[in-house]
Amino acid sequence: MATTSPNQKEFRTEELLISVVADLIGDARHAAVGNASPIPAAASLLARARGNGRPYVSLLGSPKHTFWTDGGRELFDCAGQGRIDVFFLSGGEIDGEGNVNLVSVGDYDKPTARFPGSFGSAYLYFVVPKVILFRTEHSKRTLVPKVSFISAPGASADNVYRTGGPIALITNRCLFSFDPARRRFKLESVHPGHTLAEVIVNTGFEFDRPPDVPVTPAPPPETLRLLRETVAPELAEVYPQFAGKVFGTGR
Amino acid sequence: MATTSPNQKEFRTEELLISVVADLIGDARHAAVGNASPIPAAASLLARARGNGRPYVSLLGSPKHTFWTDGGRELFDCAGQGRIDVFFLSGGEIDGEGNVNLVSVGDYDKPTARFPGSFGSAYLYFVVPKVILFRTEHSKRTLVPKVSFISAPGASADNVYRTGGPIALITNRCLFSFDPARRRFKLESVHPGHTLAEVIVNTGFEFDRPPDVPVTPAPPPETLRLLRETVAPELAEVYPQFAGKVFGTGR
Amino acid sequence: MPQVIRTLDEALAPIGDGCVLAIPRESTGVAMAATRALIRRGVKRLNLVALPTSSLQADLLIGAGCVESLETSAVSLGEFGLAPRFTAAVLAGTFTMKDATCPALHAAFQAAEKGVPFMPLRGLIGSDVLAHRPDWKIIDNPFDGDDPIVLLPAIAPDVALFHAPMADRHGNVWIGRQRELITMAHAAAKTVVTVEKIHDGNLLEDRELAAGTLPGFYVEAVAVAERGAWPLPLPEHYAWDGKHLAEYAKLAATEEGFAQYLEQHVYEKKAA
Amino acid sequence: MPQVIRTLDEALAPIGDGCVLAIPRESTGVAMAATRALIRRGVKRLNLVALPTSSLQADLLIGAGCVESLETSAVSLGEFGLAPRFTAAVLAGTFTMKDATCPALHAAFQAAEKGVPFMPLRGLIGSDVLAHRPDWKIIDNPFDGDDPIVLLPAIAPDVALFHAPMADRHGNVWIGRQRELITMAHAAAKTVVTVEKIHDGNLLEDRELAAGTLPGFYVEAVAVAERGAWPLPLPEHYAWDGKHLAEYAKLAATEEGFAQYLEQHVYEKKAA
């Protein structure tokens, strides 16, 4: 169990990201989190703690935190039924139209770099209402003008069946929202300790921004308390190393 | 266990029908038998006893004699995979083109008689290579010139995917084979104690026949022995009443 | 989180008048106690969809005047003969009958389970089942030349209702091998289940039981109804009540007899 | 009836050169002992289809030169990084890569399971996954107006190969909740399974175990291979061997290191 008491003045970057993502989740029935995603997992658990059990949280890497009894297809069927409201995606490359590349760089037939593959992105991006893009590395290598390969497109033509898509992109420098009609990101806030100039120089795509870009708000004390006291021990069941590093859980 | 010893001179009508149907099954990997079908069930078990375990026999009404673990669709999926070689169908009406009616008599919207419904016939008739039609009542009421409602057609146009269909029709009077190219039945044999004239007068459809119509051969002694000693006790697990009546099993 | 274990009447609240209600075939666990409770409540205009057939349940609901339409591959009392109220109502034309074939219903529920608008199925071409279903379509298989194939629209019921051996307090329901119940629950917006008993502990945490469990995530409400499938069977728990079904078949042959059956076994006996 | 329980090498006989071989994702039971035996035997030109992803198994087979083509949604060593031989072989263009997306592979296996030529799937439109799959088609949903939808052709492998906790002497295999293994077996012409142990008795006659059992009817051969998924996990039985996978990731980063790994862990250790 976490023994650290909430400290109103200090928080870790991870805690900031978790708090921002939890706000993005908002009121939802079901958030599903892929493998190896401790920050989205913590954010979903935080949203659940704040929502008194809602959303239902599925941590896909953990048999204990998933209910599937119909094999690997159940995640996708469940999403197709409209029963997954929030999902998280990353990408080797993400471009300014919200396109995600999980496949390769360069010509597909003669690539210069190869990633593992598209996984379920080419489907889930279309049918999960709130997809939150999460890519901590914020550089011109990852946030590019145009992806080499579209694993999943950020927006679709009007006649294409689409009940979901990206709502935001969070990095270690800032938070963007996504406007599917304009097919563009908008800078919402820059994290404390980072600057607009730094965001511009490290982003490969163009984006909208307000005249005055706010600073990402610090996690409120109640959020930090819930996170450290309630969420951290739950998270430690699945991500012991991360929970130990960030919250000192299990030490 | 059956205690009756084989008797070469005498056999029951049911034993004749079982023997004929077992011959029709021939060498097959898998015979599936619907509910409430003791004669097809006995014939399948007889074929299995003669084939040293082949065909695999599924008796759909009996959880013990079916292997399904994927719900009610598994029977149909299994047939779609080409893994069911023999199936049995009956019909409220059967016509000379092999069409089967399990729905209603008269105008579909204002029927004069209603049967339960088509069950899986509109599918299985197409994808099971050997479908054996079985209708003990042989009358102009059941064997009609043209069915009121085609639950499943006896034959299909060349461009229609069809890996199966009727191969024969057995009644309490005779055995017909079916020619899908000509879409007609052919009288193969008349059961002992019945006559060609009787078959003609009681059949509502036209059919082909050889100049001399043979008598359906009596079950050979070895078949009767297997039936009474090996098949009867197996059958009694699922059809105790029928097995008792025909084979004296359990008495 | 609302309580998932409820009284029978509370659990049945989602099944309103006009509801599209999915019901399972006789051998998988039919919620008969719940069906009697619905008739007592006077439910109206049900649009029943049987996966893929029905017996006493559809016959009772039709006879009691609760049914607007029925989609099914068959209704029959099996060895107890034709389903008398179903047969009479078809002949009288008092409800809308949608004849189907078993694998079409399985496939249409799977389409809803997968969130796709349709599912292809072999067979059917040249059948009057297809001829009377304007909602089913034939296309040419785009992967082959001249190869017509039927497409069936997805069936996504409002509510799925069935009976199972047990559930836990998380709403997880053990269905064993009766996996069409899982497909039915995935396809339906809400699922209501009656069970023989409540299982202490979490079914999903038991390695062996988990394999045969419908997760509570899909379950709206559970009510305990001992012998809740009676007089129909619950697989591996109890068999048909043949004597009762024979009595039903006899009484339900006439409207008067059916009214008498309702009085004796539905209205009077609240927990038959 | 031929004996279903065989030695590992006998059980693998149906997996010939050029075979279309279905393999499961890492977390469901990968037949790694069998994979090493196939490499020792020198199997050639495998057409692997992963349901829906692969990790060490595909990487090892690709590195050992056994693979002609691979259809998958991803190959990765997860927390141990990129799959090094897969990555190198894609960059070198030494095998045919067919990129897919997870639900497309699930749906295509279900199409084969159902005996239909194709299955529809939402999503995909506008993705380069689709753009590079000339074997996938878009049609206009005939139940709606202007509504393009993708159709995926059925995948019917020659052989499905996986590892499971136990089988009985009838060839029934207990797979628990890993139900894609059942779909895989239904879709494949033949299924070969390695298991931790033989279960005495008939799995289908055990009410609780039956719900998680692949019937022996679909199973061509079973071989016992204790810890047969090692160094990958067998759900609820053993976890990854993280130390070994880290060593693999390090060695397989170069061709020389990979050759050394094969020598040590595949060719020398017959029952690693």
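Chains here go by letter, A, B, C and D, matching the order in which they are written, and residues are numbered from 1 within each.
Assume contacts are C-beta pairs under 8 Å (C-beta built on N, C-alpha and C of every residue); 3 or more make two chains touch, one makes a residue touch a chain.
Worth saying up front: this structure is predicted, and the values here are computed from it rather than measured.
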item: Winner on C-beta contact pairs when A-D is weighed against B-D; value: A-D
item: Chain located farthest away, centre of subunit C as origin (C-alpha); value: A
item: Where subunit C and subunit D are represented by their mean Cα positions, the distance between them in whole Å; value: 36
item: For subunit A paired with subunit B, centre-to-centre distance based on mean C-alpha positions, whole Å; value: 60
item: Mean-CA-position distance for subunit D and subunit A (Å); value: 30
item: Subunit B and subunit D: spacing of chain centres that average the CA atoms, whole Å; value: 41
item: Residues within subunit B bordering two or more other chains; value: 68-70, 73, 76, 80, 127
item: Interface hub residues of subunit C, defined as touching at least two other chains; value: 107, 110, 114-116, 121-122, 147, 149, 177, 182, 210-212, 236
item: Chain-level touch network, classified as line, ring, star, complete or other; value: other
item: Pairs of chains found to touch, sorted by chain label; value: A-C, A-D, B-C, B-D, C-D
item: In the complex, subunit A residues that touch subunit C; value: 30, 52-54, 56, 64, 67-70, 73, 76-83, 127
item: Residues of subunit D that touch subunit B when the two form their complex; value: 1, 112-116, 172, 182, 186-187, 204-205, 210-217
item: Sites on subunit D touched by subunit C in the complex; value: 107, 110, 114-122, 137, 139, 141-144, 147, 149, 151, 153, 175-177, 207-212, 236
item: Interfacial residue positions of subunit A with respect to subunit D in the complex; value: 35-36, 63, 68-73, 76-77, 80, 102-104, 108-127, 149-153, 156-157, 159-161
item: Residue ranges of subunit D in contact with subunit A within the complex; value: 25, 28, 51-53, 72-76, 78-79, 82-83, 86-87, 90-91, 93, 99-104, 106-107, 110, 121-132, 146-149, 177-183, 235-236
